[in-house]
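In the two complexes below, chain A is the common chain; its partner is chain B in one and chain C in the other.
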Partner chain A sequence: MKLNKNIAVSDNGFIFNPLSGDSFSTNPIGQEVIRLMKEQKTKEEIVKTLAQKYNSEEANIEKDLVDFFQMLLSYQLISEHE
Partner chain B sequence: MTKLTYERPVIQKLNTGTMNKFGSRTEYTPVTHIEGVSVKSLMADYGSPLFVISEPQIRRNYQSAVRAFKTRYPKVQFAWSYKTNYLNAVCNVFHQEGAWAEVVSIFEYQKAIKNGVPGNKIIFNGPDKSADDLRTAINNHSLIHIDHFDELYMLIEIAQELKTKATVAIRVNMDTGIYPIWDRFGFNYENGQAWNAINKIMSAPELELHGLHCHIGTFMLSAGAYATAAWKLCDLAWNVKLKWNHMIQYLDLGGGFASANTLKGSYLQGSDIIPSTEDYADAIATTILNFGFKPDELPMLFLETGRSLIDDAGYLLGSVLATKRLSDGRRATIMDFGVNLLFTAFWYNHKISPAQEFSHHTEDMVLYGPLCMNIDCIRESINLPLLSKGDQVVVHRVGAYNMTQWMQFIQMRPNVVMVDAKQNVHLIRTKESIDTMLRYELVPEHLEQFKL
Partner chain C sequence: MNKRKITVAVSGLNNIDSPGPGIPVIRGLKESSKFEVRIIGLSYENLEPGLYLHELVDKSYSIPLPSSGMDSLLQRLAYINSIENLDVIIPNFDAELHSFIKLGPILKRDYGISSFMPDLETFESRHKSVLFEFGEKNEVKVPKSKMIFSPNEILAVGNSFGFPLVVKGKYYDASIAATPEQAINYFHKISAKWGLPIILQEFVSGNEVNVTAIGDGNGNCIGAVPMRKLYITDKGKAWAGISLLDDELIEITNRVIGNSKWRGGCELEFIKTNSGEYYLLEMNPRFPAWVYLAVGCGQNHPEALVAMALGEEVKPFESYQNGKLFVRYSFDQIVDLAEFEKISTLGEL
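So, the complex of A and B:
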């Protein structure tokens, strides 16, 4: 899972897309997901990482992650989403 | 190692240019207790969804309204509007506080009688009173508020038949400067219909005209309209005195006082725009006191307000069934209660609070109910924390009309509990079951069997 080129991400969760001029904010888990994406982690790896750290089941995290990726896609922050 | 609290990842686009000078009000302060009783324990013990009624809040509302009127006018009597909430426990709180009963059908009338309200302390309103209903009301010396000429003539016949007198008032509709005019109930003031009805009653020895009644609308945002209404009723009473040398004993200004709910389409929150009970009381009392009656001629003032006395004493607790994403990207949250239980969701943008702590992150969402019907939408747009399946919420100000207009549609109706002043929880209506529904159904013999 890969963020589009030139997407700027700040340490406190603000995201800027220079192509569209849009700004976004995320919550701490959203920031963490984006950090893992920047590390070229796959969806499965992100799910496992979050499940180890947070008190939720993998199935629940995966469901939320799919929704999160869908929103990234609709905001043109990623180009494809399996 | 202890795991951290999970919250689903969200991303929100930041928009500029949508600020307004009022700012926006967040609604996500958690409500974990109602009258000191834990919301979680209520739902664990009585299920979800669950209606909760605060008895202390009803009493506070009633006492405050009575105080507002009695400090301004010497003779005041409230009558509890059964149609607003006719659960017996609720009615009896009002009756304990001193309210009479105001009913609009024989079903409500029978409820009041079974609750122990004396017949002569029941106001019988409404357009639907059968001959038998009127016989019952006459025999019980109830106050019969006549709605139309058909009822008036029927009442004369029945009183003749019973060889007794009926205690009556007429309902008067009028232009008070607000729209719409509720002219479907009662006799019109401006076109002389009300005066004709009064003359007919005064010339019928079987009827005793005790009162004049009006109910000018619902959720009235203008206290001034009540001053107009009171003036027109006083005018009729004054003319009855002049022409018939007969004193009208009471004026019934009805109800319609607003609660603090926010009407759909309203820019400001309900609590910021509604008149106070004192405003209504001031408009009505000042008009009657200044009209010109001698002190001993002042009519009794009846009030039948329902909504403003019960709305904020009622809560609906519910749980999230699921969350999903709509085609346009909006978040949708599906609750286990819908318009089947929350009829007033058609009128109000109900305030909804989470029942547990969340982070400060929120999102706009549509709140749907559980019905497999497109109409089942509780809030078209609301900003709430990141709700997930199983999370619990509290809907505020649902005490009026929901527990009477609820529908047994697709789902059955849930438990209703009342919390008393000592924080004891009482079940006041049990949830329905399949047996509740089947009790009233009959299947013809030839339809009892089938093969598939």
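So, the complex of A and C:
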């Protein structure tokens, strides 16, 4: 899963899309997902990592992650997601 | 490096809620690495804030309104030049540009004052009323538009373009009319303020993005910085904005500036549709009031303009910083009555 080209993300999870001029703030979980995306992790790898860390069902994590990706897509921060 | 000392006259000192570009242009010049600039302000009204910004404007003179004719303007500029020995003049109001373009060769020949503006033909070619043809010629999409002189023409144009319709003044103002009745109302409001004709333009939905740019008149775009407005006043003016990274917009700007052989500063106003297409809404024939953002992003357009006016070769800027914001603020200046009296009675400050 990859963020679109040139999307800037600060250490605090502040996201800037230089093409549209839009900026967004994310919560700590969102920051973690973005960090994993920047590490070129797949959706499955992100789900697994978060499920282990937060001791939660993978199905629940995946549902929330898909919602998050859908939001990133609507804000033009990613181009597609599975 | 020794900076070259020059004197530059600048108009558009109305740094108000609908700001002129004068003060941002002056800030760019004052930060020049090439020139040490003495600024002569040219004002039309005695309460233009720039008149009293003495740290930016060294001396000011009132000049006659464009409606007074070119002779009185030339006479006044000759007088100012006799005292200040001007090197360059930068007019910043749409309404005065026609006179200044016509006077340009005379100012250069008789007084040695340089300027850097398009010729009259290029200037007229991007006028709102003929922008559609300008777009066709310069390979950029432009919404359809029609110049009208009577509200009776609105219905026919509305039937052709569809509603909503954008109703625009010759130089300034634009309103979106959802119905023929609204369009008629805007026609009267705008024509009462700015005169006729009124331009009706097809409405294109999307996000507005603007570019401040400068051309060398030989088909080269010397600099371009795109910006999206983040905060808009009730007059539709940007009170905050952010520089964008948009290669396609830069490419379109290069094409427009290159094909039209634009000479001088300009502002291109675009709509980016949801499908990612760009439509040119307007090309303003002078720097925008937010031109200082370009300076902040690493492209000093006012400095480049002055250098080209003085005959120097200027290489195109290769980059700029995106993600830089400008945020305006209002500021109360305390002015002695004596200063107001001086500009009001003597026309100089």
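One rule holds in what follows: the second predicted complex is superposed on the first by the 82 of 82 C-alpha atoms of A that agree within 3 Å, B and C clash if a C-alpha of one lies under 4 Å from a C-alpha of the other, contacts with A are read in each partner's own complex, and residues count from 1 in each chain.
Note that a contact is a pair of C-beta atoms (placed from the backbone, for glycine too) under 8 Å apart; a residue touches a chain by one contact, two chains touch by 3 or more.
What you see is a predicted model, and the numbers here were worked out from it, not measured in a lab.
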Overlaying the two complexes on chain A, which is it for chain B and chain C: clash or fit?
fit
Touching A:71, do we find chain B (first), chain C (second), both, or neither?
first
Check whether A:30 is in contact with chain B, with chain C, with both or with neither, and answer first, second, both or neither.
first
First (chain B), second (chain C), both or neither touched by A:55:
first
Quick one: the Cα-centre angle at chain A between chain B and chain C, nearest 10 degrees, please.
90
Please work out whether A:8 is in contact with chain B alone, chain C alone, both, or neither, and reply first, second, both or neither.
second
For A:21, using the defined touch cut-off, is the partner it touches chain B, chain C, both, or neither? Pick first, second, both or neither.
second
More residues of chain A in touch with chain C or with chain B?
B
When the two complexes are placed on top of each other via chain A, what is the minimal CA separation of chain B and chain C in Å?
6
Interface residues of chain A shared by chain B and chain C, listed none
Can you name the residues of chain A that touch chain B in the complex?
15, 22-30, 32-33, 50, 53-56, 60-61, 64-65, 67-68, 70-72, 74-75, 77
Quick one: which bits of chain A touch chain C in the complex? Just the residue numbers, please.
6, 8, 16, 18-21
Taking the complex as given, what residues does chain C use to touch chain A?
207, 209, 227-228, 230, 241-242, 244-246, 322-323
Applying the document's contact rule, which stretches of chain B touch chain A when the two form their complex?
3-14, 325, 329, 359, 361, 386, 388
